[in-house]
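Down below are the structures I want you to see.
Each of the next two complexes has subunit A plus one other chain: subunit B in the first, subunit C in the second.
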Partner chain A sequence: MMNRRIFIKKTAAFSAMAAAATMVPGILFAHEQKHDNPASDITWHKAPCRFCGVGCGILVGTQAGRAVAVKGDPNCSVNKGLLCVKGYHQIMCTSASDRLTKPLIKKNGKYVEVTMKEALDLVAAKMQETIKKYGKDSVAMYTSGQSTIPEGYVASKFMKGAIGTNNLECNARLCMASAVAGFLTTFGADEPMGCYEDIEHADVFVLWGNNMAEMHPVLFSRMLDNRLRRKNVKIIDLATRTTRTSKAADISILFKPQGDLAIANAICYELINNNWLDKNFIEKHVVFFKGKTGLGYGLEDKFAFKDEPEAIDFDQYKAFLNDYRPDKVEALTGVPAKEIKYLAALYGDPNLKVVTYWCMGINQHTRGTWANNLIYNIHLLTGKISQPGNGPFSLTGQPSACGTAREVGTFTHKLPKGVVTNKKSRELAAKIWKVPYERIPDKPTYHTTEMFRAIDRGDIRFIWIQSTNPLVSLPRTSRYRPALAKDSCFVVVSDVFPTPTTDVADVILPAAWHIEKSGLYGNSERRTQYWDKMIEPPGEALPDAWMTIEVARRMGFAKLFPYSKEKHHEEIYNEYRQFHAGKKHNMAPLSVLKKQSGAIWPYIEETGRSTLWRYNSRYDPACDTTKDFDFYGKPNGKAVIWLRPYEPAPEMPDNEYPFWLNTGRVIEHWHTGSMTRRIPVLHQAVPHAYVEIHPADAKRLGIKHNQKVKVISRRGQTVLPASVNDRGLPTPGQVFVPFFDENMLINDTTLDAFCPISKEPDFKKCAVRIEKV
Partner chain B sequence: MPIKSYIVFPSKGKKDLLRQQLASLAGCEVIPALNKDVLILVTETFGNHEEDALMASLEKIKEIEHLSLVSGYSDHAIHDHNNK
Partner chain C sequence: MKQRYIIIGFWALLSAASAIIVNTSLVEERSGENFDVIAQPDSNTLPAEEEVFKLADKALELKQLLESGQNVNKELTAYYSRRAYPGAPPVIPHPAGEERSPGGKDCLQCHRHGDYAPAYGAFAPITPHPELISCKQCHVPVTTTGNFVANTWSSTAAPGSGQQALPGSPPVITHGLQMRSNCLACHASSATPAKIRVTHPERVNCRQCHAIKNNEKNVPEIWTR
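After this line comes the complex of A and B, so read on.
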């Protein structure tokens, strides 16, 4: 057996060689790659990566019941053997010394260890007691885009099918809801039409509100590789702050916060006025609509909004765009008219294939649905959609935001297929779940922000939080932390590590981590990936799905949850697949997913193929074959170009709070940092958060790099070291703070305003002031 | 004590010289790319003092244009692994 130290040295060398391959395409270390491979007694298991929504394939090496190494899976078409720095080191978090291994119950203000049986008995009893006393809608579950597909599925079945409440939400509301609402309003069906193979075909990449170099580094590497291999490939970065992505891009365009709405309309103005349109495509496949304007921002409790779509014609749409002539938009957005015209010319050139990628900048937006619609407008006007290298593509931040949150439907309004307001969707769910149809309520209850407001008001009396850390990730945690700590709500938290959310729990349930259970994730490109359990979880930790099943059984729903402990993930997936049977969303059987690194739905079983481009009859089996394109999510098969105006942000800088606050992530840390801050190499690389300030602002305020400053909003404050001329460069009048650090909670200051259509909060724009400490 | 790996970019035309210099340092192993001006450096040290000394030595090498840390395994992790 190879000495462990030698093995680790070999692994370190292989990690560096693989990382070098991402930076220097074509690089060879032939001798070392072929020989001296780490110990032969290592068994390698395939899985998707635990972190972001890219869904890179990893190979985890296990030896004597322990995970000892990770490498990129060369057979996975997502990453082709590449990984980012987080991916390589992910398994190291499992050995963190403060790992949760025993259930804990708070007694007289102190946590005491109990058995899992005792803990689950208490959870079930409290839930039952609460329902009896306050009704079904007094209990809630808040899950995650990191929950596996089986975990999300049993949560939905438990809440909606067994208990009969729509009080189920997940943290994907904070990151993907605007993308979902955008897809649904424009195409009538969720999730991107293209896939990552677009990267190999596109000539132009427009990255919109998306620091891909740090957030989706493997896809960004593939893009850079494409640019190196082919001539005339351009990367355009449209952002409100200069990032590593901007620096690698061919052109960096900075715009004022909220200006994206006007820029997209100005591009459409240019496309129409220069006749850079695919008229045949528009005529055959597009209709025009407008909706309500002046929607509000959801700042008040119990805010309600319902859109009223109204059909319009092309001329009305063209007339609306007259307000968005590039020279008019220049003043509003800070983007020179010539740059807007240049962008429009790229989109409008029939000889160029264009992919637009976006993520949180567009989605976390009080007009997030509109922003998504507006990007689709550009691609629909030019017919650059649903073809290799042409298309709009919304990237995700969590490994199964698509697979679990969106496809299983762990939102208040969703069911595994369709929505609760649709009778047919409820009937299908009732049939597969074997529950009375009447039990599934036909009205959504609380979206995420409103769910935590309901806890604050005392309307929700019990909540079970699984696999997420809302007291770091919610907006305006300064309200929701004390809310969750109130005695009026019994709080159960399942997690792998202690977090600020477990700090307020009445019961803490230790959860199995990623490779300590079997599961399935669904990534950004509609790819479903399966993995087998590789190692045992520590102590009494269990998979979230199994804890849900155990509680459901204790509450009298045993017949609905007849799964076996060993194979529950398989049994649940096979049951879940029934929801999506059919040409539009057929999911690959488990036997296929066990053999290969995922399959993209709709999966064609007859040929064993994934559908790489939806709505294009050359690729998509669900299309009407008499048409070239068929947007079958809409009854008439036509996509919608929406008239969506610019509207200002709800809170803008003023004399008292003169800076825009933008929040986000860094490459080393993933979301709230509960995993990556326990990986020594990542923690040491970025040990704490910071506030980026433009050098001119720093000079004016007399602030030096690393000097501690206070970021203050109308809702709260936090102290952080200043970052001047370091990693990112905000525009003057703007500051940026990464949100991963639970010791520097920037979300205490953010605003809980949201898009009235998607209900996704805006973490990118509020007003703050900066004070020296 | 830590095992780390780095990607090292040599100054122009200095790849071979840099390879020799790095290989001569205690605790350093060097893997050169076959076809590009890139080296992989794997370091192994047995104490904070030794780690600091190695870092100081690396900082003095003018032939290093850029050095990028890829992976690091702590003493705790290695010790933990070796004892199980």
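After this line comes the complex of A and C, so read on.
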């Protein structure tokens, strides 16, 4: 029995404990102290990670000329010392036994080892001969969002400045083109306004068509950490499939493929009809436009499209949205009206800071540019943009999709600054490159899909593929693999490992891997990162940039490529920086990038600071200081809200092909798996691809987990083991396949339809049927 | 007498309440708008010592467990065989629970406090970083033993244990401390190999006696924003 004395004692003890407990968060321990590291045998070097667009800082430990360990760079503000399983084990691919170390030339159907000099002589001679016989536009280069900034820059200078053709494309067309087109149409300038620091400020995260737990794991953990530390942080997963992201999110909303267009418009309908708008922001900083509709899908060769923007007013926009009342679109989206209303209420609450993250679900979309525009509409209507914790943020999948593909501009229509159709851009490029202005053609030629179609047709007779594996990553490889294997096109492939693409090459050039060369990457938040060569490349392997320079010199362009072998990456970067001089895109000088773990452009040299939030005059000195926000990409300083309707996908499930096919990735493997499959830890975790089927569909078809099935589309077929109720759970009527596995090429079945504005293919939607093998 | 207790009790409650109010408001102020400055950890410094005390409140339980003899004598070689190199995140050597889960509770129910897992007949190692809940971001299962292509990777030598400056002096810390500065998690769990197990987990201020002998050099220059 408890008597008074014990009661009082307990009360006193409890109150003391309660007081102490609340004080614990404030307890401070002795602070960090400096110390000198005693010498020993592991040396650490800083670099960005080789894999995704997050751009984590890594420290690579080397010992006796070999890379032996990796840890997260605690000095890098991106990842603060944390990495993912791919990042920790990346160096293990360098010891794979089939590493390409010698150039190979195909002679009578067999590969013969030759010297690098011989191989480069042949490449230059073939390229010259092809130009002579078939013209400049018969040769092409296909590069990568994994090319370093110097590699992309010399490729552009070589093709556009030296040879004089716009036949330069890169694989970032397959992943980022819609994001670029979205930024350009809405803001007039590419790349996000915010940065990763938004994560520490936002209250609500909407993950839109992005399995962030597996694709951008370090940022996802940063978000979870933020939710642990602060109250009221909500993560909402908006997707077509239940994933690890959905499991970790507070709310998971599943929608039908292509339903995203209607959902975004329905949210805007709710915002306007509940008057959840930032009227002052809209009045000062926004204009309204509509474009063409019924664009087509680019399924036929030589498809062409040009949008015709037309200014409208707010009332026209409001009237257009009447078709998108949440209950009206339930059938299209599969999302209950109350869930859309809930989402709109979050976006519309002036006291909540909202960040929207998206990646391939929005970009790889036959209306990808529209989907990007529609997300911006939501943030512009509510004025939640360009402020800490508020903003739309397009994530990237490749380490330098931003730095190289988008900023250097390794696309047919791009120059390092501006586009080829713009006279001023051509003049600037000609001046810096020291080439005649007339040499740079003013018309874009082939975007990626059309480039491989041109090879199939015999219009392109020579292609040099660097640092990418299109015969696994292109849509509809069932057409483009035989196309590239044709004798009509001479194929040169530079890579680190043999791939299905090197299998059809006439010349294979061994390339130096990541830390075997020096270079620069640019990540999703506009951060440029530099690294130094840490170990020697094996055999005769060379950096891609140096191989391009060697070939250019052999073709008589030595004067344009006066770089030294040891310092070419630095000389090229210094030349490239001239393109972006000025307040809007100033790149940090090398001396800064060597010292710290990257800098975000526009870099302000006077203060030595990165610009974390663009278009906001509090943070961005490029803004007109008399305004609070200045969208200076557009001549009038105003962002555009686009009227973009719902339009159906080009191929929908029917009786013959009743399933949607969605493709993507898993955390263990990166893109086509040429590196990650050679890393034992990663291969042993996920040794092969599979097809995820909803348990109800599997039951109906009598398919069991791990049983082999055939995925068949109108274009091809692939045999894979079924995965029922395992890592991912597609909605009924949908299947999902990761595309990393070159032994189970799912892209043989995908459709090469693309967004007519961005020309980015849709890898997420086509119709298939499933058969038991 | 009765009144005195009531008054004492009342004051105790009152002081507790005021302490709670002051502290919550302080904490709230810190977590609000003003947390703009994000501290940049500094690789050239000793890791903050607070990590050392993460498991301090469990030290006695850990000691009891260790002394109860209910432990599995795991070898250090098994410990290193799960890591691609010393310091790499270990793989998951058992079926990894629900595939769709990123980790969190599913993993922490055993790995937070190092409980006995009857399904595997073993004690679970304690994670030094239970606050990172997307476990499968770094730790992946092993579903096959084969390779895609042969790989000649070999791990570097593990840091030697038991190095002492003088006979009988406390051994030094020979491994890197990034993400592993919670000493008790790895050195005082029942899953700890005997060779690196601590005999005195109740003395929680480990770095009072065990100094760092770091084997790392040329750490990049310090950068703080």
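By definition in this document, the second predicted complex is superposed on the first by the 734 of 773 C-alpha atoms of A that agree within 3 Å, B and C clash if a C-alpha of one lies under 4 Å from a C-alpha of the other, contacts with A are read in each partner's own complex, and residues count from 1 in each chain.
Note that in this section a contact is a pair of C-beta atoms (placed from the backbone, for glycine too) under 8 Å apart; a residue touches a chain by one contact, two chains touch by 3 or more.
Owing to the predicted nature of the structure, the values given are computational and were not obtained by experimental measurement.
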Touching A:668, do we find subunit B (first), subunit C (second), both, or neither? second
Looking at A:96 after the superposition, I want to know if it touches subunit B, subunit C, both of them or none. Which is it: first, second, both, neither? second
Which holds for A:685: it touches subunit B only (first), subunit C only (second), both, or neither? both
Answer with first, second, both or neither: which of subunit B and subunit C does A:200 touch in the superposed model? second
Contacts of A:68 with subunit B and subunit C, given as first, second, both or neither: both
Would you check which partner chain A:287 touches, where first means subunit B only, second means subunit C only, and both and neither mean what they say? neither
Which partner, subunit B or subunit C, is in contact with more residues of subunit A? C
Residues of subunit A that sit at the subunit B interface in one complex and at the subunit C interface in the other, please. 4-5, 8, 11-12, 15-16, 19, 23, 26, 29-32, 68, 85, 88-89, 92, 95, 680-681, 684-685
Could you list, by residue number, the parts of subunit A that touch subunit B in their complex? 4-5, 8-9, 11-13, 15-17, 19-20, 23-24, 26-32, 64, 66, 68, 85, 88-89, 92, 95, 680-681, 684-685
Within their complex, subunit A touches subunit C through residues 4-5, 7-8, 11-12, 14-16, 18-19, 22-23, 25-26, 29-35, 37-46, 59, 61, 63, 68-75, 77, 80-85, 88-89, 92, 95-98, 197, 200, 213, 217-218, 220-221, 224-225, 228-231, 242-245, 247-248, 388, 595-597, 667-668, 677-687, 726-729
For a test of understanding, state which residues of subunit C touch subunit A in their complex under the given definition. 2, 5, 8-9, 12-13, 15-16, 19-20, 23-24, 26-27, 31, 35-36, 38, 40-50, 53, 84-89, 91, 99-102, 104, 131-134, 136-153, 155-156, 176, 178-179, 212-223, 225
Within their complex, state which residues of subunit B touch subunit A. 3-7, 29, 31-36, 38, 40-42, 44, 68-74, 76-78, 80-82, 84
